[in-house]
């Protein structure tokens, strides 16, 4: 950490700051310049997070040097993590596609969509049983019944299941029905939920919050790893910007950036990012070109009757065409799909 | 709702759209213009939230006319809601100030700060026992022990208690120790938590999420009211913008705007909004001038030893001076403090 | 335009609104619903831009239906515009790459970089002679001397020249030395400059402003077309969001979205968008996968001695490798490079 | 500047970095920690702006310590600047109110509004003759004719004139008709225009750009001071955030923050910030409570016939009432109006 002192800081204030740093078992290095004095503090900065050096008299700014996360970083673990979900490897050379409806609506429709996305090449079925909706008057999901439909669709198709958790009290149900537990964007900083899923050994897909910086996103993943669960898949799904022409702004540069900083795999959700079917296709291609390890895509056999997000769901035929195009893009960046 | 059709929409597509609207027991009004045809759909738009008209072929855009919330709106209830917290009225002519440390640290320090803020004129003591922290390595709060310290401080000073809930499983503890249950910014869209606090009859203070629009903020309040609890106090605490010179960007215009749209009281948290003691004072004054019904301010007797947010906590003496200045500003806009 | 009336609007207010609409030679269509009355106004909305219907008593909101631009839209011109820059076609099947240093520094270095990027496959040389810099103490460019170096590099290599204009008074110089005149992000709403370049017949590359919506971006292009110059190339170069890990947030979904709305070609500047060489490569690939018609990339033979933006300039060898990778991605989406 | 080195940086890379620093006549101070090595570089950082140390091999990050501006800072000049506009002092104890229509429409209406705002207590008349409009089809202002109407209104009322410049070529006209030259938000980084107004000795009001950080805002002011003109008044007018319920998001905390960093006076434009008359009144009060040195407010005698921004213009009677309320708020923070 670099402590920048205010212009007229007194010697007494400096002594007090130095004393406080030493009390934390850290070594201050004083550098006196012509316009400013700075104190470089060398040691484990994570300890400093408990002590607000910025609140000391005479301090203008306290600049962190080390990244605040540890377990998720490449400095901690050099090799890329490959999350093994019952034999399907996420984070390896193969790009994994998850697809399915926004929400589970009934058994028949779900199984039918599952068969379609499997035929298209998806390996994992998505579908929400618990739905976080902005309005209390929107469809909130079928709950446990929806989870059972997912399990049945899995039995019929062999697809693995990714579905969202909203409440720590639902973990037992999740352990029974889900192969990957999704933490949605709105719960990215629901720290109790992060700790809860971290205490089980089931793969977790963590979506980036609407206004989460990459640093905050990785710190939320750190919560899960710190609780003991290292099987974390990150998911970029668009951030909130001033632009309203698309549902969110897909921050694709987060993909190569996170791959540098962290060893965790990262996938992209183009459906929620853009919110319009006609833009899902080009952005899915772009995601793979940017290096994504997978995609999660909304597909519905009858979008106009979907209980949610119909305007962004691909028809199964469009999904199939997309998959064949994605194969070509994947090959162009030396990956398979 | 206004359905805007695409330029070349066919008669058959239009018939299909009209049929769908009629199936929802709504009446379509067709308006054919020179460049575009629009269909005005009159009726309860909240029903339309379950049906994605935007997904119908031929539809360019579906523009909502009615606001999506109901119970929180002034159209539903004209008179301003005054939340009565054990005799202290929030939303009336008197501006209510809540103050105290970021987190509960120990009994002695808490009680001492409580006495100081009471002397300054605060009516409610703030203090976190459960702390939502960006990093898993930061201080996470004392939990139940912290809540007991709050109850003891209440016994000693007579101040009421506002404290944050992070997990629906903690509701029994909250019912025992809190007078106002706070839902923090990061949990504004933790819909299970909203439903949980909505099912009890205890005042709730709901903070605006970092990237929540005013519409989303009010819809989160709607979750609580829809679950049966109408004692909701809103809190503007700064939003996330591109500007990093302040911790967040205090959106003070949300105060008069929400007062027009909703009957719920709204207070302001200048401490988290700006994140620097030197800006808390002017922004507290500005909040009252803008019409806020209350303030929640961080005060600590020894900021440099605070376990969190020391850089934004006022010293008790600064708090006292501020309170006397606030009295003058309140009087200038015909309010008391 | 749809005029939404406030709940208790009086008949007299409605009459006044209707009268005002008729005065504009437009026809009001009244639709009275259970909760709200709306007036659909059919006719050329662009006329309405001069008349603030939202200011009429009784009006809650005035929602536009038509897009505010005309000449740049696909409704006005269905076929994609191909800008012909002295034989090089931008907007056709071939993806065009522009490359070169941030700023022109001296003749020797510029010519040498030009030769390198030409060898790599670039067709157009970029280089700033007039540099818009945030600080008055940063290098401001060589001015006319820089333009002459560009002309000399063109003579030596045959590359065409794209360079930025900052002042309408520099148009004669630009006509002499530039093949494409660049309007930078900071000048996207410098309307006098837009009108000036619009009055000449020289291709213009218009960069999206840091916080410009797609609607505003297209309206700025509309200024140029409305002034008579239809040879406009759009350029997405990253927008400002809350994320600071990258210089800007590259909004790649703007590419397919603009291609739907407008007939103008659109290219991408990954260098300014991400601001770090290691992210330029994957984002250049992603841009082509998303459908960009071209790229503009910063290349410098000695980034650490560059007068500006060294941290985002590719070395010529990296540029060459990138170009061969881009060829594969372009082929995967049925384009050439 | 603090240079943070990457984990595995070699001794040879370090030597190269040190050599480069010495070549700039600066002294490197090496601090080797357990996890990272940093080099503190003491000396005039503004020189470093020309040299991208971040581009050197082995460098992870280059953190600036000093603020990039100089002439606008309180470190350079401790005393608050009071801009004297023909006897009216901006930046002193008295809060100065500027008011008038968005655009100059005709002589009669302008003079009449001028008389009204003068009666209300305004000292300076605002009115645009050159209007930066998002759409080329909106009213662009009367140009020189409008400036003449302003001069005539000044003769009739004695009010001073503030009006916007859009093109450096219009400076002679401005020198003739304006008492304060306004640079609008969209031109905040039109550096040629900044340099142009900086070369004359006429007070300038510089508005903050829609997505300008406070640092960038002050650097734009620095351009004007560096060109020789120290009579600069800053104006906060709302920034662009994700919130669309208000036209912009008024960042009032910028007022006390800028007053700490800079000696320049700062005023607030609540009209453009919120875009709705009903919010202008509370935000004007809040601005004064936050410490603003003045206000600029849109007033129109017939908003529904205004050529622009009618929805945010106050009626003269509302303006008068507001002024009497503002007097009370100003007194509550020990200022006059």
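Annotations for the structure displayed:
The letters A, B, C and D name the chains in turn, as written, and every chain counts its residues from 1.
Simple rule for what comes next: a contact is a pair of C-beta atoms (placed from the backbone, for glycine too) under 8 Å apart; a residue touches a chain by one contact, two chains touch by 3 or more.
Keep in mind the model is a prediction, meaning the values are calculated, not measured.
Between the interfaces A-D and A-C, more contacting C-beta pairs are found at A-C. Greatest centre-to-centre distance from subunit A is found for D, with centres as Cα means. The geometric centre of subunit A is 31 Å away from that of subunit C, both derived from CA atoms. Subunit C and subunit D have Cα centroids lying 26 Å from one another. Subunit A and subunit D, compared by their mean Cα positions, are separated by 38 Å.
Contacts with at least two other chains are made by residues 211, 240-242, 244 of subunit C.
Within the complex formed with subunit A, the residues of subunit B that make contact are 20, 46, 49-50, 52, 54-57, 68-70, 132-140, 166-169, 186-187, 189-192, 210-211, 216, 219, 222-223, 226-227, 240, 303-304, 306-311, 313. For subunit A in complex with subunit C, the residues that touch the partner chain are 211, 213-215, 239, 241-246, 249-257, 260, 273-274, 278-279, 282-283, 285-291, 325, 328-329, 331-333.
Residue ranges of subunit B in contact with subunit C, taken from their complex: 2, 4, 7, 29, 31-36, 38, 40, 42-44, 63, 65-66, 75, 211, 240-242, 244.
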